[in-house]
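Each chain gets a letter, A, B, C and D, in the order it is written, and its residues are counted from 1.
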Amino acid sequence: MGVRPYPLASRVGHAQPSTIAIRNGSVQVGNGAFCLIAGPCAVESREQIVECARAVKAAGANALRGGVYKPRTSPYDFQGLGEEGLRLLATAREVTGLPIVTEVLDPRDVALVGEYADCIQVGSRNTQNYPLLKELGLIRRPVLLKRGMAMTIHEWLLSAEYILSAGNTDVILCERGIRTFESATRHTLDLNAIPVLKAETHLPVLVDPSHGTGCAAYVPAMAKAAMAAGADGLLIEVHPDPATAVSDGEQSLTCGQFAALSTQLRTLRTALR
Amino acid sequence: MGVRPYPLASRVGHAQPSTIAIRNGSVQVGNGAFCLIAGPCAVESREQIVECARAVKAAGANALRGGVYKPRTSPYDFQGLGEEGLRLLATAREVTGLPIVTEVLDPRDVALVGEYADCIQVGSRNTQNYPLLKELGLIRRPVLLKRGMAMTIHEWLLSAEYILSAGNTDVILCERGIRTFESATRHTLDLNAIPVLKAETHLPVLVDPSHGTGCAAYVPAMAKAAMAAGADGLLIEVHPDPATAVSDGEQSLTCGQFAALSTQLRTLRTALR
Amino acid sequence: MGVRPYPLASRVGHAQPSTIAIRNGSVQVGNGAFCLIAGPCAVESREQIVECARAVKAAGANALRGGVYKPRTSPYDFQGLGEEGLRLLATAREVTGLPIVTEVLDPRDVALVGEYADCIQVGSRNTQNYPLLKELGLIRRPVLLKRGMAMTIHEWLLSAEYILSAGNTDVILCERGIRTFESATRHTLDLNAIPVLKAETHLPVLVDPSHGTGCAAYVPAMAKAAMAAGADGLLIEVHPDPATAVSDGEQSLTCGQFAALSTQLRTLRTALR
Amino acid sequence: MGVRPYPLASRVGHAQPSTIAIRNGSVQVGNGAFCLIAGPCAVESREQIVECARAVKAAGANALRGGVYKPRTSPYDFQGLGEEGLRLLATAREVTGLPIVTEVLDPRDVALVGEYADCIQVGSRNTQNYPLLKELGLIRRPVLLKRGMAMTIHEWLLSAEYILSAGNTDVILCERGIRTFESATRHTLDLNAIPVLKAETHLPVLVDPSHGTGCAAYVPAMAKAAMAAGADGLLIEVHPDPATAVSDGEQSLTCGQFAALSTQLRTLRTALR
């Protein structure tokens, strides 16, 4: 490997891949520590998020995801519950003990989101939103940085470098599908990114097969494939009743489907060691 | 045409395409009014921007472009002069009378940029940065909304709808190339978007062949092609000395090349009427 | 320009771009000679092809296109009239004097097609069908080589080199759209290929806006854009009654629409000289 | 599932996915039968192919691959040993008992290749070469149909339908990467195709991680991922000395690397049952 323009993200100079601690180490991710993050696309109500949190916890999830600031393609679609949603996530954490992961869209919301969230997500539409990345470089929360829909791996690592160079050492990458000509899946989940990133960076690599495929029926196969390819964790959409979800119901597993997948993943993980 | 999810951007209900006025009508764009915007990728110094402004004005440009908040892929690259750059643009406007177009990245900068700029650009990395779009919907300045690198035309119109539905009626679209497998050009400038947009929306459509091709030698051909396809204007990078430009020099025309192109465009425009 | 792996296709060593003669020079294409090829996607009947040939001739076309071996995505779709179709094309040529251009799919058909056709087309599905290209390198007919749907310009020139290196010097390139994520058009017609090819090769460059956009309403804008970008000719689908066409009716112009476009192209061409 | 335009390839009407027998059932693939095909990109010499065959057989491969008709992007690159190569493959089969898989490019070679090969491959450049597919529909050899570089899954199944509808019931699909903007890998291996195909068709699905990634270092991760996603087999390039390979050496495993991978795959397979 030659010199890379992302000295802080580069694998060079790291004897081992990094492990990143979420919520004071209650969850670890990277370098052998596998992290299973699950939950609904959007936080909808106290009942929904608590029920979902209990179910995914029981099934073996390590953290709870749920969106409260939703980047919706249309201005007329549900934009999320905002701070009220953050409070509901905190309630779900209190009930289950699961750390919470949620997305931020606006640099002006980073401090507020950081008060509630244990890990802050940057979604695929904001992976080159540099003011947001710089703001996230200044706080003390791990950042889960998704890949942009048309972002090369090289550019992705440079976006991580924005956060790292501003002072936050805890960046987790998350592959979630790229744009291609194929329309049988919502995006093309690019698992090739896993071995490429393992060679290029010390940062942990997660995979989101829910957004990657856009179809619940394809999620288990791609979740197992991601693990077999070496991913350090998974981000999976789970909803107590996908048919009534306010967003992305078609790609959400039921709590039962998630429990079944989680069992398969444990078996697979043992075989891969 | 059936019902579209972008009622404000839709062509339906508009007898004519819209004309948008920049700087109190000193420049008009759309529905027959053609607008030629030129200038450097980045504002570098007083000398550079004033020299460039004078040259493009003399060559027939209607407005001056120049970046002061630069969305650079690497955090270690030049990030722009910021407010100092805005003041230099204002000086260039004072000297030449040309309205100024410049990019904003951060919703917290919208008010400041709006004090200086006559038209505010949203770049390809921020076309789905919804907090930024909402903020731009609240001010009284035309917005030049570039297409995202992996954005469908449908999604682009929904991003325009974010601005329109927040109250700002003056949105100008600008095609600047999409991501494909082809590497002979920096991006694939998608001129097909012009007739598609003409059928779908009443908003004016500009084209940026400089970013679209990434190569100065290809800019004149694609500029003329854009005009022949029906574009309402062009956004062209011009630098007094491209070899020394701090960014994107390889895609910038010299002042002389721009003057030659401008002459050709006038002849072409007459033939197309 | 450095050394290229396509010495025969390369622009290097050619003082001028090449002109290629079709049917003993009754039509010329390249280096200033513009060629307008029009006709139906598929030859359907004597009446259809003769009516269409007369109409496009009257409107100013230089050559007639029509498919008799059709590469259809489904085996259950109309596969073309085969040799009977070649005879109908010859009849249309006899009636109008227009040279004929038709596609070949199978190396075993090259000799037969060469007996009838004045120019032989290789379609986008066969641009890396090397046995076919080698066979076409052995005959004395110009070859119109379309770009593959996922073919880089570099690979395209190497496919041309297959024909050239086998002994046939008359290769005409034809851009017809590439595969991208955008679905508002059937393919993404890549006009950027025109200036790139003008810099890289001495071979003439045509554009097919009918397949490129897949929509008759967008064909005139893109035909004019192609001419303005420097194309040496156009390949346009025209059908006397698009609504009843056995294939690709939605992208075919009526004879009247083609005549109107042809008039606009003549005006444009004068302005571009 | 609604009606599909590929009635013979469709999953509908099949209680179980199909199993296809190669060489009178000495190897089976599909519906639980996993097939590991390995060997060099190109057959180069008796020593090379026999050594490689012995090594992959010892490591657990079920069949030997090796190209003798090579579809090379440049006409000046090695085009394969042709019939001499077929004889060398037959020798390797005699020595090891492994069935042989090799590619055909030209419909005129189908009968000859069918005399030697136990399974005939159609490469990514020929997946819409319909005369070739029709010819393969007439013989009694399984066909391994790779996906085209810009081919949707829908189109791929229609290409399979060409072979099936011509009378050959033994079609095996093989994902090998699609063209995208990402350049960190040679192509983007699309493992999402596996669960999609499992839902859509009864035909077996193989994966070629060697061409998909273009980099030997990434092959093991993607091979395991493909198996975890449900692939019915793998096609892996192995060369006794990749550094001296006449083609695609950078993506070939050494015999030792293949043996290590094969061991890992057996463990993984047990865990996935």
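We take it that a contact is a pair of C-beta atoms (placed from the backbone, for glycine too) under 8 Å apart; a residue touches a chain by one contact, two chains touch by 3 or more.
Being a predicted model, the structure only gives us computed values, none of them experimental.
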Among the chains, which is located farthest from chain C on the basis of C-alpha centroids? A
Cα-centroid distance, chain A relative to chain B, in whole angstrom: 34
Taking the mean of the CA coordinates per chain, how far is chain A from chain D in Å? 34
Touching two or more other chains in chain D are residues 150, 178-181, 183
Could you draw the chains as nodes, link the ones that touch, and say if you get a line, ring, star, complete or other? complete
Touching residues on chain A, where the partner in the complex is chain D: 150, 152-154, 178, 180-185, 188-196, 198-199, 212-213, 217-218, 221-222, 224-230, 267-268, 270-272
The residues of chain D that touch chain B in their complex are 179-181, 183
For the chain B and chain A complex, residues of the former touching the latter: 5-6, 71-76, 105-108, 125-126, 128-131, 134, 148-150, 155, 158, 161-162, 165-166, 178-179
